[in-house]
Amino acid sequence: MTPPAISRYPVPALADLPEDIRARILAVQEKAGFIPNVFITLAHRPAEFRAFFAYHDALMEKESGLSKAEREMIVVATSGANDCLYCIVAHGAILRIYAKNPLVADQVAVNHRKADITPRQRAMLDFAMKVAVDSPSITDLDFAALAAHGFFAEDAWDIGAIAAFFALSNRMANLIAMRPNEEFFLMGRVPRVK
Amino acid sequence: MTPPAISRYPVPALADLPEDIRARILAVQEKAGFIPNVFITLAHRPAEFRAFFAYHDALMEKESGLSKAEREMIVVATSGANDCLYCIVAHGAILRIYAKNPLVADQVAVNHRKADITPRQRAMLDFAMKVAVDSPSITDLDFAALAAHGFFAEDAWDIGAIAAFFALSNRMANLIAMRPNEEFFLMGRVPRVK
Amino acid sequence: MTPPAISRYPVPALADLPEDIRARILAVQEKAGFIPNVFITLAHRPAEFRAFFAYHDALMEKESGLSKAEREMIVVATSGANDCLYCIVAHGAILRIYAKNPLVADQVAVNHRKADITPRQRAMLDFAMKVAVDSPSITDLDFAALAAHGFFAEDAWDIGAIAAFFALSNRMANLIAMRPNEEFFLMGRVPRVK
Amino acid sequence: MTPPAISRYPVPALADLPEDIRARILAVQEKAGFIPNVFITLAHRPAEFRAFFAYHDALMEKESGLSKAEREMIVVATSGANDCLYCIVAHGAILRIYAKNPLVADQVAVNHRKADITPRQRAMLDFAMKVAVDSPSITDLDFAALAAHGFFAEDAWDIGAIAAFFALSNRMANLIAMRPNEEFFLMGRVPRVK
Amino acid sequence: MTPPAISRYPVPALADLPEDIRARILAVQEKAGFIPNVFITLAHRPAEFRAFFAYHDALMEKESGLSKAEREMIVVATSGANDCLYCIVAHGAILRIYAKNPLVADQVAVNHRKADITPRQRAMLDFAMKVAVDSPSITDLDFAALAAHGFFAEDAWDIGAIAAFFALSNRMANLIAMRPNEEFFLMGRVPRVK
Amino acid sequence: MTPPAISRYPVPALADLPEDIRARILAVQEKAGFIPNVFITLAHRPAEFRAFFAYHDALMEKESGLSKAEREMIVVATSGANDCLYCIVAHGAILRIYAKNPLVADQVAVNHRKADITPRQRAMLDFAMKVAVDSPSITDLDFAALAAHGFFAEDAWDIGAIAAFFALSNRMANLIAMRPNEEFFLMGRVPRVK
């Protein structure tokens, strides 16, 4: 049986990719043990690939007032609002690992108001969701609500920019029908036995 | 009187910017006669700036089955759906110039169904709007509707990717309350007298 | 090339119109330098024409706690919510002229929360938008919010009645595909040189 | 016990009204046996009153391809979509009388798709509802769907204009909290015994 | 003329029903003077019938901090939000009778904010409407708003459970196109003359 | 550390429950290895508990043209639309087990259009989603779309009734903040090693 397509578009062979992109993908594969489909499917368009991951890294890898787990919460919550299967499943896996919590990703994807998170994280996700689904209504009050939890201007940019970047990412994944790797579904759900 | 703020965030002085970013901005200023606010306001975050404009150029400057005017139509129509003042005004100006049409930008921003565009362009904007506001519902039928107008798979990616990129851009502009330069409001509206 | 249709319906010749309607239209033409399409297209139905403009004048020409520019702001903001090209373009032009401000119409049409208007005007537009898009939810609290800015009961009627009248007007324009005159697109955007 | 207010605004005494308005109201009272509250509450603003009823009569009293019962169906269906108690109750009563049918008004107010009406009337209400709640999306296809049931251009204007006028009327009634007269609730429900 | 269908599905003859269901239906007929269509149409599926009415009785017949009229208000308001003709008409009749008020059912079905009910009842319906149309957003604040009017935890369950049960009931009625009995339309509207 | 609450309401001790309810719960515990929280939290109200599970069993345990996995697909898809964490997680687990497919539950919960299901199952879920979120719009065309895939009248009732029952269930779970048991998150994701 042929495996299901991971994209509506042709998926390049690693060997055919520009050197920098192949190197990036091999590095991810080395670390994760498999190639997440977002890499190989977006590699269909090298220039867009480079910009996409440069943007991703600028937001998700930088020093920030937000922990890596908190950033993934933003991804998962807003991807839930946008009904993006790839991002919910793949970033849900990453969130479970960063947060060392097998439950929080499903909670946040469905309804962040009832997730096992702190009130500060709830305020963070309220702001992110407003950027994701109703950005014209953002006013000073939304920034004030963040500040009441110790999130100041640069944090607000971080939160909003992650929500904005995944507005793009979710639409690309839905456009090309990007399929999540099977590995992600289980990752971080089972305590590793030493 | 102090001029109105062009961003909720600090706006860097040109002199303080990294060389590559300053060069890019000076080149735009040279060409346009002024610095569009999207450049100087996003320069607050150099790494994000670089990724943003790399992405923009990968979509808007490349060879494509879409003319430059058509690409700007996508920007203006989807920014209209997202109530993003900066993008409607700035890209509306660019659309008027590329299309050599002083009316089409306002038409497309409000209701692309009634704009002075071709049926093919209407199909293009129908697809772009679906990516912008209802991407989970995209199915093969949407690709077939494009194909009936001669837009095939790579064109569909172009259309969808522009809509997706401005989903990000609109949210960033709304987040930081980016203000359009006054120059844009009039640009392309008045026939140039020789 | 035939000019584009300005209505789905037959457009009467001035000479065929009842005397009172022709007189009204000629007076507008005298003042504006051209005949705004709303006059000649609605003249297809003389009795409705008379009621429409009687209603318009009763709201827009009367003495009121609202300036003429403020009344046009209400028209432009609510027409933006209703995606009515004719009203955004035509009343946007009038707003620019009354407000002596080339920017405010586009701002208000897209997102009144970020327009260059006073907090009092923002409260006025919040109320107008609620009448336009969610009138069953109006409660005493909405009247109180107006009163906090010095708009009392008769002002609230004025604001709400303009929003209600343009709920009608926007739907008529969308129904007949009323096309804005080209003159409006530029009007009030260029400072008049003396 | 004081009777409940019929408007948020002062209700004029008949004796204080301009002669033409008083005459109109007395004529209605003569015919109906009571004064429908829409007359006396809108009389608070004589100029608007005159335009409102001139518009109403131009649409509802004229010769038309639509029967009077069909016109009231449009009022009731679109007022249902706009959650306007006054118009549902008052025009529901009129519809019951014109249609000689005690059930159709409640059916049409809740869900016109399942009402005891003809397929032609269902097409009429589909069009009216689109004008009421989604007028920017109206295209040639909507006119074609009407034509398939024998409703041609002037009929489409009649249907759309009634929906548009009650978009205004519903908003005014919700704005001023217009209360339906108790008489309307029962009218047309009980077969008259001869 | 054949009477209109009361369901998309076959309607069982009383004689063919299981004894317990027939007894229940005969008891209702005895009391009401006719068989409400919800009984005979749902009897098409005996096991579901039994569970449906057991659930109904557990909520609507029990001792409660809510009066029977208040419970029917919840049914009518949420059925209005769900556009369910059967429930609006049938439970509207019951509400008129329990409340001894010929007006309140139509008021509550259209817009509970303006109905002739107490502020406490308005808070009750605000909560019920949130359960009906936006249950994921329920937070402690909603329970606190009820408590401010003397509705505590068990009352909140009662209110929410009635709204939830009629979410089911409304969907079943819409699914099978359940038709209200004609008797309900008039019931409780006319003062009984002794 | 106290474990997180599984309900906003008191959770009864098994020993305090009526015999029939305790027996039912012990039987479930016997079979599943733990007590799913829906049982013990709803047992707070014995009469409602009995009706709830009688209804559940009437739909989910009966002979039907739908397989058990298909019925769970309906539950998961409509619970996704209603943002109900408990039902997505618990019924997602059951769906994985019945379908012997570790991926399908997450797919269906997010976007049934792209799940690994048959076109017939997609039609089934299209119908279920319409019952869940837009039941007033159901017409003969929806039944015809099912019939084209071999789902006839009684199947349509089954599909719609499951969607309707979980409209109730989702609202109850959101009302009481029902928490999914941790066991469900992993269940059916890992192939059992023999």
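Note that the chains are named A, B, C, D, E and F in the order they appear, and that numbering of residues resets to 1 at the start of each chain.
Basically, contacts are C-beta pairs under 8 Å (C-beta built on N, C-alpha and C of every residue); 3 or more make two chains touch, one makes a residue touch a chain.
Computed from a predicted model, the values in this text were never measured in an experiment.
In summary, the chains found to touch both subunit B and subunit C are A, D. Overlaying subunit D onto subunit E using CA atoms gives a rotation of 180 degrees, to the nearest 5. Between subunit C and subunit D the centroid-to-centroid distance comes to 24 Å (mean Cα coordinates, whole Å). Subunit A and subunit D, compared by their mean Cα positions, are separated by 51 Å.
Chain centres here are Cα means. That of subunit B falls 44 Å from that of subunit D.
Subunit A and subunit F have Cα centroids separated by 28 Å.
Shown for subunit D are the residues in touch with two or more other chains, namely 83-84, 110-111, 136, 174. Which chains touch which is summed up as A-B, A-C, A-E, A-F, B-C, B-D, B-F, C-D, C-E, D-E, D-F, E-F. Those residues of subunit E lying in contact with subunit C across their complex are 110-111, 113.
On the side of subunit C, the complex with subunit E involves touching residues 136-137, 139. Against subunit F, in their complex, subunit A makes its touches with residues 4, 80, 83-85, 88-89, 102-103, 106-107, 110-111, 114, 116, 174, 177, 182, 185-186, 189-190. Listing the residues of subunit E that touch subunit F in their complex gives 8-9, 44-45, 47-48, 50-52, 54-55, 57-59, 62, 82-84, 131-132, 135-136, 138, 143, 153, 156-157, 160-161, 163-165, 167-172, 174-176.
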